[in-house]
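Quick one: the structure is below, and I'll ask about it shortly.
In order of appearance the chains are A, B, C and D, and numbering begins at 1 in each one.
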Amino acid sequence: MSFRTNRRVEFRDTDAAGIVHFSAFFPWMESAEHEMLRSMGIKIIPDSHDAADEVTWPRVSVSCDYHQAARFEDWLTVDVTVGKVGRSSVQYEIAFFRESDAGEMLPIATGKIVVVCCKLQSGGRLQKAEIPADIRAKLESI
Amino acid sequence: MSFRTNRRVEFRDTDAAGIVHFSAFFPWMESAEHEMLRSMGIKIIPDSHDAADEVTWPRVSVSCDYHQAARFEDWLTVDVTVGKVGRSSVQYEIAFFRESDAGEMLPIATGKIVVVCCKLQSGGRLQKAEIPADIRAKLESI
Amino acid sequence: MSFRTNRRVEFRDTDAAGIVHFSAFFPWMESAEHEMLRSMGIKIIPDSHDAADEVTWPRVSVSCDYHQAARFEDWLTVDVTVGKVGRSSVQYEIAFFRESDAGEMLPIATGKIVVVCCKLQSGGRLQKAEIPADIRAKLESI
Amino acid sequence: MSFRTNRRVEFRDTDAAGIVHFSAFFPWMESAEHEMLRSMGIKIIPDSHDAADEVTWPRVSVSCDYHQAARFEDWLTVDVTVGKVGRSSVQYEIAFFRESDAGEMLPIATGKIVVVCCKLQSGGRLQKAEIPADIRAKLESI
């Protein structure tokens, strides 16, 4: 079970090797994660710096394996899978594909993001917190 | 009279045309401006969201003219000139050069940034403000 | 007459002032231009470095005026207007709006991009060229 | 044994959470790697698309663990360690630190990059290749 979205490779995503720069996949992963959370009605960042009850999700560990180059104008398919949901942490797996002319889904890159549920403290500091029950239920339902 | 710094073109600054992407010059301009302000002891962003007396400098207008391509690993010279200092606004001109093998300074790009002095209001809103006298004195001395 | 597209503000587009970084509008302008060209069947970059008959469009001058901050998750409307089409150059004007809760289109930023039609020379150098008649006809029809 | 460089956090590196965006560390890792290679006299990208004898180093796998937030204007220390040097692959470990007021080196983030030595084929395709002996000797000497 996963969430699927699409993305067009833009010119700024490329580099002088003529392909997508490896670092571009990380904002793409986060955007796909955010799009999934938005589709589930989960707020992504607190409304204000005083919103003590709201949670946010800093990243603690990320990775990406590259299978094949992506290029300018490629239309990518992006699949987000919710992996392990711990007491405070969530692991997402994000797979990027490109459809070949023959209709095959060619793997481009596969990434992981581990986030930790945090509450904002006064002064903008973050404190690890248990994932709220309603959010946990939504994450485990996908 | 101007402030001079240098910058190495990094691989992420390039695009699939094999040259520096035109948009990369804008963060570079801002960084050169910030480096100049730092060298003059001018604080760039308020310490906190509650720092009602401190000012910040949102951009209201920017531009760049491109003379010649810059490429990966180029070592650029960046000159920041403080132009017109108004009641609330400051105009910076930023010129990028590359030294040729013959020692000539080749013009790469020339940009302008117009910033407006603002104070933080509660809720994170910004209110246009007169440039504090000590900062004005520093800006006019360069 | 103009081309309209939309764009969601992503988290990577923001900065520590809590708003979209001013430089982010430039890749957005280019992407909107490219989306328009693609919709008109105009090829954006040559298929290869040996494609001597194909043209490409380096930027020679760009600018942006900022009217109001854009923020994370804003859904922006982007209008591209083809301005003056010269012998070799094209000027695009790109306007960014955000729809208010009351349905008003609030201006966020307005930019300009001037591009020059070029042919690839051997060695990857670019040579200014007259805009091909079929492309001119398409650009003047919008 | 490792290569050390430094880097100032720029404003474009931050996001609306007020800290450096997690993705910014990846171009930083690559730049530190490139700075090390440059210091050893190893060419980073081929001079041209026809340079059949030269090698380039696409990334096949990268990761980063985040220990503490980095913020605007932080002056970071970046240590690059050459890990396993295989027949075609090289693993780099890159550690980011910030010096505390008390002079302690606080860990910010630790990343890994695995690159593969490739030769350019006609048409811009890449072919995995054995690491040339002179480059291997340099990489193993650090």
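Structure notes:
Basically, a contact is a pair of C-beta atoms (placed from the backbone, for glycine too) under 8 Å apart; a residue touches a chain by one contact, two chains touch by 3 or more.
All values derive from a computational prediction rather than experimental measurement.
In summary, the chains found to touch both chain C and chain D are A, B. Residue numbering shows that chain B and chain C use the same positions for more than half of their mutual interface.
The chain with its Cα centroid farthest from the Cα centroid of chain B is A. Between chain A and chain C, the centres computed from C-alpha atoms are 27 Å apart. Here the CA centre of chain A is 23 Å from the CA centre of chain D. A straight line joining the Cα centres of chain A and chain B is 32 Å long. Residue positions of chain C touching 2 or more other chains, listed in rising order: 11-12, 16, 18, 21, 23, 27, 30, 45, 72, 124. Contact residues on chain C toward chain A in their complex (touch as defined above): 8, 10-12, 27, 30-31, 34, 38, 44-45, 72-73.
The touching residues of chain B, counted against chain C in their complex, run 16-18, 21-23, 26-27, 30, 45, 56, 58-66, 69, 124. Residues of chain B that touch chain A in their complex: 11-12, 14-16, 18-19, 21, 23, 48-49, 71-72, 123-124.
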